[in-house]
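Labels run A, B, C, D and E following the written order; every chain starts at residue 1.
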Amino acid sequence: MIVDSALYRDGVRVDVDCDTGDLRELRGKATGDRDFVWVGLHEPGEEELAEVAEVFGLHPLAVEDAVKAHQRPKLERYEDSLFMVLKTLWYVDEDDAVETGEINLFVGDHFIVSVRHGVGSELQPARRHLEAQQGVLDHGPSAVVYAVCDAVVDGYTEVVQSLEEDVDEVEESVFSPGRTNDSQRIYTLKREIAEVRRAVLPLREPMGRFAHGTVAGIDAEAAPFFRDVADHLARAAEAVDTLDSLLSTAFDAHIARISIQQNEDMRKISAGVGLVAAPTLIAGVYGMNFQHMPELRWDLGYFFALALMVLTSGGLWIFFKRSGWL
Amino acid sequence: MIVDSALYRDGVRVDVDCDTGDLRELRGKATGDRDFVWVGLHEPGEEELAEVAEVFGLHPLAVEDAVKAHQRPKLERYEDSLFMVLKTLWYVDEDDAVETGEINLFVGDHFIVSVRHGVGSELQPARRHLEAQQGVLDHGPSAVVYAVCDAVVDGYTEVVQSLEEDVDEVEESVFSPGRTNDSQRIYTLKREIAEVRRAVLPLREPMGRFAHGTVAGIDAEAAPFFRDVADHLARAAEAVDTLDSLLSTAFDAHIARISIQQNEDMRKISAGVGLVAAPTLIAGVYGMNFQHMPELRWDLGYFFALALMVLTSGGLWIFFKRSGWL
Amino acid sequence: MIVDSALYRDGVRVDVDCDTGDLRELRGKATGDRDFVWVGLHEPGEEELAEVAEVFGLHPLAVEDAVKAHQRPKLERYEDSLFMVLKTLWYVDEDDAVETGEINLFVGDHFIVSVRHGVGSELQPARRHLEAQQGVLDHGPSAVVYAVCDAVVDGYTEVVQSLEEDVDEVEESVFSPGRTNDSQRIYTLKREIAEVRRAVLPLREPMGRFAHGTVAGIDAEAAPFFRDVADHLARAAEAVDTLDSLLSTAFDAHIARISIQQNEDMRKISAGVGLVAAPTLIAGVYGMNFQHMPELRWDLGYFFALALMVLTSGGLWIFFKRSGWL
Amino acid sequence: MIVDSALYRDGVRVDVDCDTGDLRELRGKATGDRDFVWVGLHEPGEEELAEVAEVFGLHPLAVEDAVKAHQRPKLERYEDSLFMVLKTLWYVDEDDAVETGEINLFVGDHFIVSVRHGVGSELQPARRHLEAQQGVLDHGPSAVVYAVCDAVVDGYTEVVQSLEEDVDEVEESVFSPGRTNDSQRIYTLKREIAEVRRAVLPLREPMGRFAHGTVAGIDAEAAPFFRDVADHLARAAEAVDTLDSLLSTAFDAHIARISIQQNEDMRKISAGVGLVAAPTLIAGVYGMNFQHMPELRWDLGYFFALALMVLTSGGLWIFFKRSGWL
Amino acid sequence: MIVDSALYRDGVRVDVDCDTGDLRELRGKATGDRDFVWVGLHEPGEEELAEVAEVFGLHPLAVEDAVKAHQRPKLERYEDSLFMVLKTLWYVDEDDAVETGEINLFVGDHFIVSVRHGVGSELQPARRHLEAQQGVLDHGPSAVVYAVCDAVVDGYTEVVQSLEEDVDEVEESVFSPGRTNDSQRIYTLKREIAEVRRAVLPLREPMGRFAHGTVAGIDAEAAPFFRDVADHLARAAEAVDTLDSLLSTAFDAHIARISIQQNEDMRKISAGVGLVAAPTLIAGVYGMNFQHMPELRWDLGYFFALALMVLTSGGLWIFFKRSGWL
């Protein structure tokens, strides 16, 4: 589905006298030196993308990748055009889950085609923002590439922050006095972190190339801007690594706590057993059938025995309390 | 065993007026600039391969490797021909197991010899597919190398997907409420992942060289295609790494669950002990032989005692239920 | 907030006949070859920093980073000025916690602007110290960069020392005979070490570049001094790595101790059960109702039974003591 | 001890008219362009080696290394001769243990001196084999270096295979239903794997240099052969890494099994306690001394009580069996 | 404190007609091309070192490092002199502990100044040894640097051997049948290994530079000798890594043994409980008050009951013995 398509001239969106959906004609109008066309697609069908590919002369291998999605983040050159794959990430609060999408960019002479997969990470806000800023789109497709990378990496930062909050919650739960089973939560978080890592890590290499201004087809003057994005990317990668190793430690602490609780339970249980076993022994003693047992004939023998039981149990109770077993 | 052998001219399989099993004659017919012979062998005997080696002038060290199988994936140049070893992987559903085979390719001027070991990963479909596509075999042996690599790496992707499903199952089992023993399953999966890794990782280097178009004897124009394969390979490698570390975490979770279950069992057990110990104490008390024990003379003393027992046990039951011990 | 701003000429602070808060005029006075202005800001607002940026021609991306703080340590060149980010660390004794701040340096021709975030790591002492030393500020902004880096890295060393003391404490606690729960303490320390690592590690690359004297705008003669700082940084990084792996081992030892204590408790408990169960059995025996039980008629039968109980329990007590169960 | 020494001319062992033990004279006879002397020593004394060193002009540092053994595998150039250290490994079936020896090679113009330490890995078979093959020793000392490296690395492969069998046994033991204590076996295997790794890993660098044909003094034409050895070495290194990580996982599985068995034991024990505690309670009840207890007067009261006990225990038995506790 | 200072000419210690403590005069005498002065200091005060620094023109930053000690091992060039820091290690048998010291070397034209910190690793024996060997000191300060490095690295080897013995002891203790608490010992060893690693690892880089003969001021002809030292250093580093990972495995085995022992204890305990609970039940049965209980009237009823108890317990004893619970 074509979400939006437009011709930009001198950095400004130009009204054209043709249907912007007619990409061939639209492209034909980009005759000026600094004209370019930006076509935005969302989950295009194979045929739709084939048409776009024909108009802009996209390489079949790149097009195949863009249809299938589920690519690794990468930057590739096909003859005179660039093909870039970015993984988009967003955090779904309801599920405490990270979801992934994908953006493919075809960058060529006087055109950029963006293909988006998944529901999150829309590009329209980025386009509006670019159109609203003066002089930015003047830099041609490079500006769009920068804007998309910036938006995607900002998305990573947000996801990382949400994960940091999740890890804080897990941490609190692990060290709370209550009896919690945190292992599934930790596992799920580790799984999500692996997901984030698979989006973030492979992107560092292409972003670094942008930051060094050595990618043909990308304005070298944009390098400081890409350096900024590369920096945010590095920060996200570091944060994710830290979270992963914190979770491992939290897991160990979780295991330690289970052991400690088991120990405490065991001691409580044995104290409880002791509280019952002692009076049972006393009852057993006075249940013996010896002919000569003075206490048995005491008027208050029975009460004496009961008192003995209570005192013994009480004494044990105090003893266990003091030594921390109850 | 020679599975198939044919002469290709201008990308098309040519009918020859000799027995295609007579390799020497077949080779003699590949006189055109873009002619080449493709011989496909399956687990050839030492003598059979020696004959083929003589016809095509294969290097003895490479031939030795091709007979023995169990080589590491690699790409080597022997004088004017290339020798490539690929590990093939396929997933056997019945056993939930990964099996491995091996493909050796000898690539030279006007010929390619493929040697396959193991039952899976047949090459005939790939040959048929190549023959059916127009203009592809036109690129000579390079096209065959690409087709084989592509098929092999697609096999990796499928195996990785099956392993991902297995890991999902393990995960579900680990976090299911039931009492499962997942350690052997996890161990077996880790072992299979190690197998996959040994096939995938060493292949990255030669595939990268293909992707950079720097291997003499391989058409540099095929580089973008090999880049695609290299990309899939990288994806498989990453996925396998992720699976491995997820399994480690799942194992830890498994251990944590064992501990937690043990703790729960212990508490149930002690609650059970408590339910019996309390009435036993009561019985012990009324089994004492004091001469003055008022209850013993009550008409309903016995029933009173029984009621006391039931009440005590019932009270404990409620208490343990409420505190989560039963 | 402008903390201090001054003009230095030939390494000496010069009294100017204008308000030092009027940066534009102050900068105008730095006309000599070796004159430079040093402006120190503390958590400036966006507008305040914008003014400073205008006066000194700072790059908008760098300024944005300086406002937001929470950057990665880095060194970047924007046209003809340098932008450096350093994380500052200090140890808060009351909380046994590591806190972080940030220092941003803009270094250009005849000026240096330092922007500090957070309460710790003040720069005024460093400025006073520099002004007090003869001939140092003579080297221009490079001397200030060195002084700031030196102070920041000294701060790292102090923090690492405090963490080493904390680890020593944890170690002592883990191996003390008492029953301690060290896992939260270890977790917190690991978390702080991760914090330190995020400050220290990324700084090594820029510091190495200073130490090699290859950063344009920084006096190559200062290289040996930066080498010294780089060395301290490397030492801090190594120490932090060692601490991290010691903590992991301490954690394992903590877990081992929990297991051992549980085992000891279990044996104590069972010994206790034994001490009660044996006399209970004896009481049971003499509670049997056989008509012919000689002991029951003994005059001292009861005392014999009691003595038997005490002897049995006493014997068990000695046995358990000897075998280390009590 | 000189094991063997001979003069080779045009790849053939030549009968000389002097004592082959008189190395000076033997060396003097190696006058032809493709003549060379091969001296094989086994654990030579310091003096013996000093003599050999004098004859062939070996470097004192290399000689010192060759006397002491216990060197790291390495390849070093001393002026115009090469010095190589290889660790030999062999598996002693009786002890399931890996033993190590050492081979030192001095390679120079027209001579090669091999020094062997340890009982395994004899070189005489390799020499016989070389002498039996036509045209191989024609390549001079390089052929001997290749043959020795090949034999040593083949030894590694055999050791790795034996270790793989050991790991299979451990694996089987870990997952067998029996109660096995595998931790010492796993530890010993890990220790042996560390031994193997110390022999294998440092050898990769020199073998890689041979395989690239860039070592002066070694025939560049032998490169494909060394590439083969390097490949086997890489395979051994990979296999060893895989074994090591499999053992770690097996260890974890071992720990998990201990926990699970403990849990099962605990449940069996508690079920057993339950089977005894219930009838004890019943006996307690009928041991009470109430004057009005109807059952006590029943003719079959006693048998009723016994039946009650058996029924209760039997019911519990079935219950525990069904819930998997017995 | 100046330990020794002397003038060497043509490799021989020369008697000078001035106080060797008067360094300025001593230095003045080193006029020959191959003359040099070697000053050995032990824990010099700040002033003492300042004087030496003035005489030999040492760089203030290097001098500061030499006073403070606690530096990282490193090799640095300050203008025309070299500054080297080495960590010395020695093993104190009484404490089973590794202690560290430090040696600083200032190497310049015609002089070498060695500064030693800590009680171990004296340099005087090395000096005597050098003076006793003919022709070695002829190579000037390089020979001293080599001798010091060699002595220091030999010290590492000794420490590593002592640690290997300690690890063997720990290993034996872990796998001994007795009940040992090895975790503190393992922790301490890991801590010492970390100490050793911090001395050994950073030294590899400078030693490698010496071994390549690329350090200005160090005789390139000494390279093979430094290569030897570098080799020993590499061996020590490898050995330390192996020890560290063996200790980790030993720790795991220690934990496994604790679990197994706990399991065995638990089974012993339950068997013990069983041995007492069974006769208690029997006693309970014959303590019931039924009017019709045939056994109660038997003449030998009591002995029958006692025999029953003994038989039951004995039977259980045999059963538990056979199933390995006792």
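As a convention for this text, contacts are C-beta pairs under 8 Å (C-beta built on N, C-alpha and C of every residue); 3 or more make two chains touch, one makes a residue touch a chain.
Note that this is a predicted model, so its numbers are computed, not measured.
Participant: Along the graph of touching chains, what's the shortest path length in steps from subunit A to subunit D?
Facilitator: Each step joins two touching chains, and the minimum needed here is 2.
Participant: Can you name the chains that touch subunit A as well as subunit C?
Facilitator: none
Participant: Please report the smallest number of touch steps linking subunit C to subunit E.
Facilitator: Each step joins two touching chains, and the minimum needed here is 1.
Participant: Using mean CA coordinates as chain centres, what's the subunit B-subunit C distance in Å?
Facilitator: The computed centroid separation for subunit B versus subunit C comes out at 43 Å.
Participant: Quick check: how many Å separate the C-alpha centres of subunit D and subunit E?
Facilitator: Going by mean C-alpha positions, subunit D sits 26 Å from subunit E.
Participant: Which positions in subunit B are in touch with at least two other chains?
Facilitator: Those would be 255, 259, 262, 266, 273, 277, 280, 284, 287-289, 293.
Participant: Give the chain order around the ring, anchored at subunit B and oriented so that subunit D comes second.
Facilitator: B, D, E, C, A
Participant: Along subunit C, where are the residues that touch subunit E in the complex?
Facilitator: 171, 174-175, 224-225, 227-228, 231, 234-235, 238, 242, 245-246, 249-250, 252-253, 255-257, 259-260, 262-263, 266-267, 270, 273-274, 277-278, 280-281, 284-285, 287-294, 324
Participant: Which residues, counting only subunit B, touch subunit D once they are in their complex?
Facilitator: For this pair, the touching residues of subunit B are 59, 61, 65, 71-72, 74, 76, 78, 179, 181, 183-184, 186-187, 190-191, 194, 197-198, 202, 251, 254-255, 258-259, 261-262, 265-266, 269, 272-273, 276-277, 279-280, 283-284, 286-289, 293, 295-302, 305-306, 309.
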